[in-house]
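Data block below; observations after.
Labels run A, B, C, D, E and F following the written order; every chain starts at residue 1.
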Amino acid sequence: MTFSRPSGRAADQLRPVSIQRGFTRHAEGSVLVCFGETRVLCTASVENRVPAFLRGKGEGWVTAEYGMLPRSTHTRSDREAARGKQGGRTLEIQRLIGRSLRACVDRGALGERTITLDCDVLQADGGTRTAAITGAYVALADAVNGLKARREIKRDPIFGAIAAVSVGIYKGVPVLDLDYAEDSDCDTDMNVVMNDGGGFIEVQGTAEGHAFRREEMDALLGLAQAGIDQLVQAQRDALAD
Amino acid sequence: MTFSRPSGRAADQLRPVSIQRGFTRHAEGSVLVCFGETRVLCTASVENRVPAFLRGKGEGWVTAEYGMLPRSTHTRSDREAARGKQGGRTLEIQRLIGRSLRACVDRGALGERTITLDCDVLQADGGTRTAAITGAYVALADAVNGLKARREIKRDPIFGAIAAVSVGIYKGVPVLDLDYAEDSDCDTDMNVVMNDGGGFIEVQGTAEGHAFRREEMDALLGLAQAGIDQLVQAQRDALAD
Amino acid sequence: MTFSRPSGRAADQLRPVSIQRGFTRHAEGSVLVCFGETRVLCTASVENRVPAFLRGKGEGWVTAEYGMLPRSTHTRSDREAARGKQGGRTLEIQRLIGRSLRACVDRGALGERTITLDCDVLQADGGTRTAAITGAYVALADAVNGLKARREIKRDPIFGAIAAVSVGIYKGVPVLDLDYAEDSDCDTDMNVVMNDGGGFIEVQGTAEGHAFRREEMDALLGLAQAGIDQLVQAQRDALAD
Amino acid sequence: MTFSRPSGRAADQLRPVSIQRGFTRHAEGSVLVCFGETRVLCTASVENRVPAFLRGKGEGWVTAEYGMLPRSTHTRSDREAARGKQGGRTLEIQRLIGRSLRACVDRGALGERTITLDCDVLQADGGTRTAAITGAYVALADAVNGLKARREIKRDPIFGAIAAVSVGIYKGVPVLDLDYAEDSDCDTDMNVVMNDGGGFIEVQGTAEGHAFRREEMDALLGLAQAGIDQLVQAQRDALAD
Amino acid sequence: MTFSRPSGRAADQLRPVSIQRGFTRHAEGSVLVCFGETRVLCTASVENRVPAFLRGKGEGWVTAEYGMLPRSTHTRSDREAARGKQGGRTLEIQRLIGRSLRACVDRGALGERTITLDCDVLQADGGTRTAAITGAYVALADAVNGLKARREIKRDPIFGAIAAVSVGIYKGVPVLDLDYAEDSDCDTDMNVVMNDGGGFIEVQGTAEGHAFRREEMDALLGLAQAGIDQLVQAQRDALAD
Amino acid sequence: MTFSRPSGRAADQLRPVSIQRGFTRHAEGSVLVCFGETRVLCTASVENRVPAFLRGKGEGWVTAEYGMLPRSTHTRSDREAARGKQGGRTLEIQRLIGRSLRACVDRGALGERTITLDCDVLQADGGTRTAAITGAYVALADAVNGLKARREIKRDPIFGAIAAVSVGIYKGVPVLDLDYAEDSDCDTDMNVVMNDGGGFIEVQGTAEGHAFRREEMDALLGLAQAGIDQLVQAQRDALAD
């Protein structure tokens, strides 16, 4: 029997990626990012204030919030606002998105402003957090470009680009960009966030079925690097439109 | 000075209405409804259980939840999940949506099922609750049609159609379907929910600037009736596609 | 069979209304209002501060909170303080009371003060929100009269009077001031808030059994107008004591 | 200088006590108890279920909840339902009321029922918890008498009577039944709960200004015993009406 | 049959007491106190700020928080942080600890500082609150001695010493310092907090099985006084090390 | 300038590790684990029930909760129970501990039991989560050994061992087992969980200062592997006592 992915993709093949800017009109940056059937709306909101711990320091802040619409998933999930709290998974993901994006921002150049990246999943099919990071970068860039265009900031606070992708071991084979069918049936799952210079920002790997060996890890990191190169190109193309 | 609306519409003119079915893929009904720049994603989810107070009674339930994405609005609003509770306005709106839709459902014919209508505002420009009711009806119809197609129910539990529109007095003139520019500057605001037989389901009028007279109320109700006729037609057209 | 109300009242007859000022001693205004067996304690508390969004604007604020004692009802309801949150119905009612009373207050004349109207239901028999609005107006007037007597304010911030009553269709007949027996068995229920000049402040109608027709709505509004005239007179009599 | 209490009472004199049964109509027991200007509404609600830890054991449960209306006090206190939790003082008091009343109930004779004593302070002038216990006993007795009258229980589950009073050292002198003026200015405050056989159920003494000596404690306990004799008599008189 | 305690102790005998200072390294005072198998870690933290109600008054504050590790008890208790609130018992105990310790502090001499006493039960075997008070006093003294040594305060804000012990009636006999085996099987339980001058700070007695008589109370208070003398000596010895 | 760590350790040197079993008496497993000055109390509690999603499936569950005593840290942190919720960091860590330990448990062999690992930090000096995982494994083993000794289970549900360590890049040099001084000043921080067969269970790396290169990652993983070998040996030694 030959190995095949449920989607018929090659092991090192991303799903079709689309990055649509200006999806909604009020936010300073608004991006609908799709990794295949996963669709996340990422908005960037600029506010002229910073959290208490930064007040008066001349630095800005970049933070993120993440949510899934109740029926973005196969079966309906509870609405976190109705349950009265965000779950552990949500907090973990939004902390990850915020840390990742801060890795490309010179907060001194941003000045005493907060940029909030809201990543809301309209439809989920695996990889929502990596799509969110990849799309949020573009929304962030749009918001910062707006500040520059209005001459509210002098220096560009963004250096480089940030993108993310998942990799994992599916039926014994390292594969790129897991969709839901693979994600729910894989042994190991790793989310990798990198910058456009090939540096790692975050690596979060979890052995779900069996512990993974060092050479498996090496293969996964290689797949991720190649995938992120393509995602960074997709970001550039979107921003060039 | 002649009266004119910010949008240039006639006093009795709706904004362009669009109702797009199948907007997302997992829900039993999924509708993106637009009243001009107001866009609400309405999904209908069917679950084979009912709330505790209905267990064993052979009846179903229809309920609704409402939310606004944090940056659906001009300035970013707090995420209710992060604040740890839904605000009074949210609860009020979702109770209204649920009551309105239950008014066209024979809960005995539905059987012991719950249909949850999630109405999430992607972009707000006034009238989100009336757009939500109008779109949720179509999502509900799609979900029920699916149950019928799969022969899970015998009798059609939906009778008639439900739609909603806002009316108000803007600069002294009764107008139909307020957008945000009008809504934030009007004296009286009324949300009207009706069925396709011309019966009133809900009427919620609030004098914001000055108390309104009986003849003003009469004019507003007339505008609403005419607007709802058009919305019901738009629902029919969407369902006929 | 002739129509008859459970209480034996005529269709356009209010329950006995009593408005007792000075019911408790600490509040600046303290009124026990009874609509038949419905009894609501309404207190007005004056504080020399305003919510954050009004600070420094030279304007005051009027707000309301509503609660039911756990055993004001036929069967005991959970205590909202113990459950850890106010329910949707409570929030809806207290927002209605606050909006209604603000409709007769010149907030500039009030100055940077907050008046909080606490409406606590000691005994419920239908119509608690309309009794609350009617009683809270008198408590508000007492509090404002105290400010005037102590010369803390110069201009009278209250213009006109505000009262409220419910109307509904019971066994096909439009009736005034529903009690619990009627309320739990009626087809349509409408709460109407008006000022003493005959202007509408709030109209909230809900079809519970069947959608109501335009001529039914007209009849209900007529009943409400007549009832409110009597309630405004009862407020005047109470304030004249 | 002679010692005098703000109210002019003798050191061993209670405030006027009144116990009014049937104050509201829905509860199985409903008592308005007044210790001078302190007024507490105590209702007893009977429900045919017990908490999870007692299910199937053939025993009943007696519990209490306590609340203060926001403007029962000199200055308005936050509404606990709005703050989203009951404070430590509230929890402490309602636990005390529940424990105290359970001390006179044979829970086997009560059967699998819960009696909830809701003690809501309409007006506070010191001693709300002792008034609540004293009044709740009468509401409990009314509820139990109703069960007996309807032959729902065979044996009387109540043995003896429970009443409570505060004592304290005011300006160096041990006094009975502190009112607010004394309470906020006293050195030592003790709440004593006893049964009609002269046994102690609860003693909670707190030195607020200075530590109290053993002989002071003896004097306070003596005052409490005499006061409780009178309160038990007032309960008997009320129940005999 | 002769009376005997489960532990074999005499009726007036404390469990072995140990007070270990410097148990952890970051806190200004850190004490592990053991009453037999009950072990409580008490830390004192000094912060240069006071609660809002004391700001600008030149006074300090002393407060306490109490917690039990989930498996400090025979069977695992829920973690209060996970449940999302502190229970009534916890609030009651931490309020007691705070009040008790404030009784030996001159808050003016402390200056605008807050000392927080965190009492966390590592292992429970009855008497955790009395051990906590006894240990927290030593942690407080260490924290204050640090302030004096660094010359941050001039006058010593601590006067006297505070210790606490439980007493109860076990199988009809008044006994000192109940352990868990006795506590869960006793008729009456009293926690007594005293200062080193023999004055009472707090007395909290509860009849669990039967109401206690005046002479029983007298016996219990006598036992407590003798026990507290020994505890104060143990505190002195610990502080002298 | 030569590189040196604040503690004087070599780059590949662990802090002194101690694993003390039986630290408290009630839990089925109770371990105080110290990585230098970091001290975490890990208890394992066995309960004969499983979460709802596993009921009736014949499988057990292993879960973890994590907390820091308020003054385990340099400056006092808020008590999460008092704030009313666990923070994002806490949830993230306890999810990590639970997932890690489940990786060595055959849940079918465990039967319908839940083992809860409570990891409470008594003193923090960096690496609390890795110490917690390393200690929790020993507590889990003790609890399971107890089940085996009492013949409650037949097959051993534990396979292999799990330990964890942090690695990071401090002043440009990859180092093992960061203490607080290093952690708060390092560029990259990675937590690595492995089993005793050299397989990776979790890898969580975060670039704090600058993105890390692939060869840096390789060096860090090598350090972690060597450190975990020593920790697994320390676990074996402790269990052999």
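As a working rule, a residue touches a chain if its C-beta (ideal position, glycine included) is under 8 Å from a C-beta of that chain, and two chains touch if they have at least 3 such contacts.
This structure is a prediction, so every number in the text was calculated from the model and none was measured.
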item	value
Contact-graph separation of chain C and chain F, given in steps at minimum	3
Selected from D-E, E-F or B-C, interface repeating A-B by over half of its contact pairs	E-F
Chain centre separation in whole Å, for chain F relative to chain D (CA means)	51
Whole-Å gap separating chain A and chain F, where each centre is the average of the chain's CA atoms	28
Whole-Å gap between the CA centroids of chain B and chain E	59
Averaged-CA centre spacing for the pair chain D and chain C, given as whole angstrom	33
Junction residues of chain A - those touching two or more other chains	84-85
Graph class of chain-chain contacts, one of line, ring, star, complete, other	ring
Order of the ring members, counted from chain D so that chain E is second	D, E, F, A, B, C
Touch list for chain F against partner chain E, complex	24-27, 30, 37, 39, 41, 43, 45, 47, 65, 67, 69-76, 79-82, 84-86, 90, 116, 118, 120, 122-124
Complex interface listing, chain A residues touching chain F	85, 88-89, 91-92, 94-95, 99, 103, 190, 194-195, 197-207, 210-214, 217, 221, 225
